[in-house]
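There are structures below to look over.
Same chain, two partners: chain A is paired with chain B first, then with chain C.
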Partner chain A sequence: MTKTITDVICPFCGTLCDDVEVVVSDDGKKLLEVANACVIGTEKFLHSQEPDRVTRPRLRQEDGSWKTVSYEEAADYTAKMLAKAKKPLMYGWSSTNCEAQSIGNEIAEIAKSCCDNTAAVCHGTTLIAVQDIGLPSCTLGEIKNRADRVIFWGCNPAHAHPRHMSRYSIFPRGFFTGKGQMSRKMVVVDPRCTDTAKMADVHLQIQQGHDYELLDALRVALKGEWLPDSVAGIPAEKIREVADIMKSGRFGIIFFGMGVTQSLSKNHNIDAAIALTKDLNEHTKFSIMPMRGHYNVTGSGEVFAWQFGFPYSVDLTRGFARYNPGDSSSVDLLTRGEVDAMFTIGSDPGAHFPISAVKGIAKVDSVCIDPHMTPTSGVSKLHVPVAFNGVECGGNCYRMDNVPIDCRKVVEPPEGMLTDQEFLTMVLDRLKKLKGVA
Partner chain B sequence: MANSISVNLISGRTIQQGVAIESGKEKPSYRTACGIIEMDPSDLKKLGAWKSTNVKVTSDYGSVVVKAVEATQGPHPGVAFIPMGPWANSVINPNTYSTGMPTFKGTPVKIEVAINEPVLLGIELVQKNCGVIVG
Partner chain C sequence: METVTITMKNAPALFLEADTISPDAFAGKSAAQIAELPVFEGNNPSTLGKYFEIRGGAGATAADTKIVVSGDVAKVKYIGFKMTGGEVVVEKSTDQYVGAWMKGGRITVKGDVAAFAGTAMKGGEMVIEGNAGNYLGAAYRGDWRGMSGGKILVKGNAGSDTGMYMLGGEITVNGNIDVHVMTHAEGGTVIVRGNAKSKVGGQMVDGNIYIFGTIDVMMPGFKPNGEVELEVGGTKAKFAHFIGDVGERHKKKKGQVVYGNLYKKI
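Moving on to the complex of A and B:
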């Protein structure tokens, strides 16, 4: 006999779908089938069942080979590394639960470390803009029920958040959007004709990196002022047409992604997008929301902000929290060679940082806590595999619209494997002893 | 036909990249999904390269060998796309200009045909670039 578990949360992207169904064996040890999730979510659940999974910590030897060690030895190594380091960097946190993040922050405070999450390479610039001028936002439920104007700016949910459009933003029939897709006008701004752009009523194929100009041009068009013949490769008539679409709606939303956060101008692009949203509110109701990537990067920002006062790139080396992206941010710290120990959890900077920063990881003592083998574990001295959060253990996570949702455990981890929380608690206990903290 | 062409490189997520990272970054499927460069057909023609030819991509910050494929989300002449991952990150502009965020999108690169050079596996590529000894 098998059991079907309903209302399971998918721990992959910031959409945090909460309608997944999984079939597990009677003893709860094997996960057999996954329904309702997209291909990426399904793969995440099924990969936990791979027979070739690493199930015990491994320490790299002089000759480059791995030696299997116990979790106790791994916790000793980690605590000693953090205790000894002058400027350790504790990075990641976006693929683990808020409970583990909070223990991590306690460790960081004792170790006087720099702490950062994956916003560093995704929506960090958004956070800077929000601190500059605020963020008129809403929840995904409001969008489902009310939004009749949906703008995707520099994001491609068809690939990055595969069920976003079907669950919340385009297709669902909501309270005031009874005709689903027919009730909404969809505009996509992207330098490529992406699979999302192909579905849009209007696609503005912008010249790459010219988002700031186009956002400003839309503000000008809203005010009915003069525009040059073309801005960022888009003809003035088209800009006026989109401005009219936007202001004629009853409730509009701008979703934005890496196209604006990672192009030149960075946080200033988002400043302009938020200012446009503000201007639109003179005509109708408009909101704006970042398309957060990792399923709990939002939660990590919340926990950092709640405990340290800043959402990412926090530097505790002086014994109090400082925040200065560009100085206290991971990529800059690593590229400048300022870090003397690297602790990675729930992310893969080895794959997703520029190679010049990855070299900074390879040079120092390092620990990588991750269920997978990754480029980060490939350049780290210690690899600690743990249970898959959201599959083999539960815990709190935040959806991209800041709604907290509890993830569920659906299957047992392989015999004897620890969760992030359990391993971090072991490290914390040891570090307290080493530092003489009660 | 030219020996090399210059384009504007961007990187980003694809659904194949998402599936591949969850099924295992040590596997060849990760390379199939992300060790590629999506080019506009007109740019492939300018370069004189067939689809599925290995090419070397070079920027001011490094170089990497990837397989050139025809753009799946085109047309986008003059713009090339490498899915996010170690291949893209071998060449993108790491400067954060004091924001903490590298410039993952909008790096000028040169592309040349490199039929005889292999595309490395993801973990292997990073280890090689970092000079990590593996046993």
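Moving on to the complex of A and C:
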């Protein structure tokens, strides 16, 4: 006999779909089938069932081989590394729950470390812009029920957030959007003709790296002022047409992704997009929302901000929280050789950082806490596999619109495996003893 | 004016935060007392004397104190932090936050400086003989008040985000400048004798930008406003005048909208 668990939260992307169904074996030890999730979410659930999964910590030996060690030895190694380091970097956090993040922050405070989450190479620039000029935003529910103008700027939800359009932004029939996609106008701004762009009413195929100019031009068009003949490869008439489409809606939303946050101008692109949203509110109701990637990167920002006052790239080395991406951000710290220990949890900088930064990880003492074997675990000295959050243990996480949702445990982890929370608690206890903190 | 020479003898393994290398912190102290001033290497508190050899003595006040920083200080941050007077001469390249929040005095760097030099500078003078990094004379992260007074001269090139949120003062760059010049500025002047790339004056409310070379891509929010003959930094020339950023909010003075000015040499 099998059991079907309904209303499961998918721990893959920031959309945090909450209608997934999972079939498990009667004893709750095997996960057999996944329904309703997208192909990436399904893989995330099924990956926990891989037979070749690493189930115990492994310590790199001098000859390059791995030696299996106990969780106790792994916690000792981690605590000693953090206690010894002058400037440790604790990075990741986006694929773990808020409870674990909070224990991590306690460790960071005692170790006087730099702490950062994956926003550093993703939507961190958004957070800079939000601090600079604010964020008129809303929830995904409001968008589903109200939005009749949907702008996707530098993002491709068809591939990156596969169920976003069907659950919230384009297809659902909401209270004031009874005709589903027929009640919405969709504008996509992307230099590539993506699968999202192919669905759009208007696709602005912008010159790469000129988003800042186009956003400025839309603001100028809203004011009815002079524009050059063409901006970012888009004719002025087209820009005025899109400005009119935006103005004429009852409720508009700009979704934006890494195409603007990590291309030329970075935080200024978002700054200008938020300013455009503010300007549009003189004509109609408009909101803006980042398409957050990891399922709990938003939660990591929330926990950092709640406990340290800043959402990412926090430097605690002097005993108080400082924040200045460019100085305190992970890629800069690693490429500049500013840190002497690297602690990674719930993310894979080895696959996503520039190679100069990854080399920085390889040069220092390092621990990687991750259920998977990743490029990061490959360059780290200690790899601590843990239970899958959202599959093998529950915990709180935040959706991309800052709505907190509790993840659910649906299956038992392999015998004897610890969760992030359990392992971090062991590290915290040992670190307290080493540092003489009561 | 008394001179203190500090020479790097034990270079830090990581980076050194030495916000005490300023005439204000040195004033009234002997070499031995200066050696006891606190610095940080990561989370490890230490003293200036552990890294630097200190010769000479400081004057009674900051204004009477000159500091010569010699040796390899490429990994030293915060030189001239919050200084109000006196002089600092750095003989080689140095790292971030040179002259950050400085209010007076003079800093000369004979090499390059990294990012955040002159952050929220209020007064005084800074001369960088090499290149400057990003965020020269800009606001600190999250602040809306950038450089508000004083003068910065960069003889080489400057990075991106120069003069972000600038309120006053003057920055001259003899070489080229990277993207984003005076973004969000509400006053002040930036003079670039070389070329600029793009995003020049984006979201600018007020202030003046003079570009002697080329601009790769103009901001669409800058509207042509004729030509003018001007004398800028001792050079007389004809400039194309643009006003903007038209997309941004602007104040009114005597019923007239006040725009930022962008002058490009013809």
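As a working rule, the second predicted complex is superposed on the first by the 438 of 438 C-alpha atoms of A that agree within 3 Å, B and C clash if a C-alpha of one lies under 4 Å from a C-alpha of the other, contacts with A are read in each partner's own complex, and residues count from 1 in each chain.
As a working rule, a residue touches a chain if its C-beta (ideal position, glycine included) is under 8 Å from a C-beta of that chain, and two chains touch if they have at least 3 such contacts.
Since this is a predicted model, take the numbers as computed values, not measurements.
> Which partner does A:Ser347 reach: the first (chain B), the second (chain C), both, or neither?
neither
> In the overlay, answer first, second, both or neither for which of chain B and chain C A:Thr298 touches.
A:Thr298: touches no partner chain.
> Should A:Thr277 be classified as contacting the first partner (chain B), the second (chain C), both, or neither?
In the superposition, A:Thr277 contacts neither chain B nor chain C.
> Could you tell me if A:Gly326 is touching chain B, chain C, both of them or neither one (first, second, both, neither)?
both
> Check the residue A:Val231 against both partner chains and state whether it touches chain B (first), chain C (second), both, or neither.
Touch status of A:Val231: second partner only.
> Between chain B (first) and chain C (second), which, if any, makes contact with A:Glu50: first, second, both or neither?
first
> Who does A:Leu264 touch here: chain B (first), chain C (second), both, or neither?
In the superposed model, A:Leu264 contacts both chain B and chain C.
> So, A:Gln307: does it touch chain B (first), chain C (second), both, or neither?
Once the two structures are laid over each other on A, A:Gln307 reaches no partner at all.
> Is chain A touched at more residues by chain B or by chain C?
B
> For A:Gln421, is the partner it touches chain B (first), chain C (second), both, or none of the two (neither)?
Touch status of A:Gln421: no partner.
> After overlaying the two complexes on chain A, where does the chain B footprint on chain A coincide with the chain C footprint?
128, 264, 325-327
> Going by the contact rule at the top, pick out the chain A residues touching chain B in the complex.
12-13, 38-40, 43-44, 47, 50, 61, 63-66, 120-121, 124-125, 128, 156, 158-160, 162, 191-195, 197, 205, 208-209, 258-259, 261-264, 266-267, 293, 313, 325-332, 335, 348, 350-359, 361-362, 372-375, 378-379
> Residue numbers of chain A touching chain C in their complex, please.
That would be residues 85-87, 111-113, 128, 131-132, 210, 212-213, 216-220, 222-223, 225-228, 231, 264-265, 268, 271-272, 275, 279, 316-319, 323-327, 336-340 of chain A.
> Going by the contact rule set out above, which residues of chain B touch chain A in the complex?
On the chain B side, the touching residues are 8, 10, 12-15, 18-19, 21-26, 61-62, 71, 73-76, 79, 81, 84-86, 89-90, 92-94, 96-106, 122-123, 125-127, 129-135.
> Spell out the part of chain C that touches chain A in their complex, as residue ranges.
Within the complex, chain C contacts chain A at residues 13-15, 17, 40-44, 96-97, 115-116, 134-135, 140-142, 144, 179-180, 183-184, 198-199, 202-203, 217-221, 223, 245-248.
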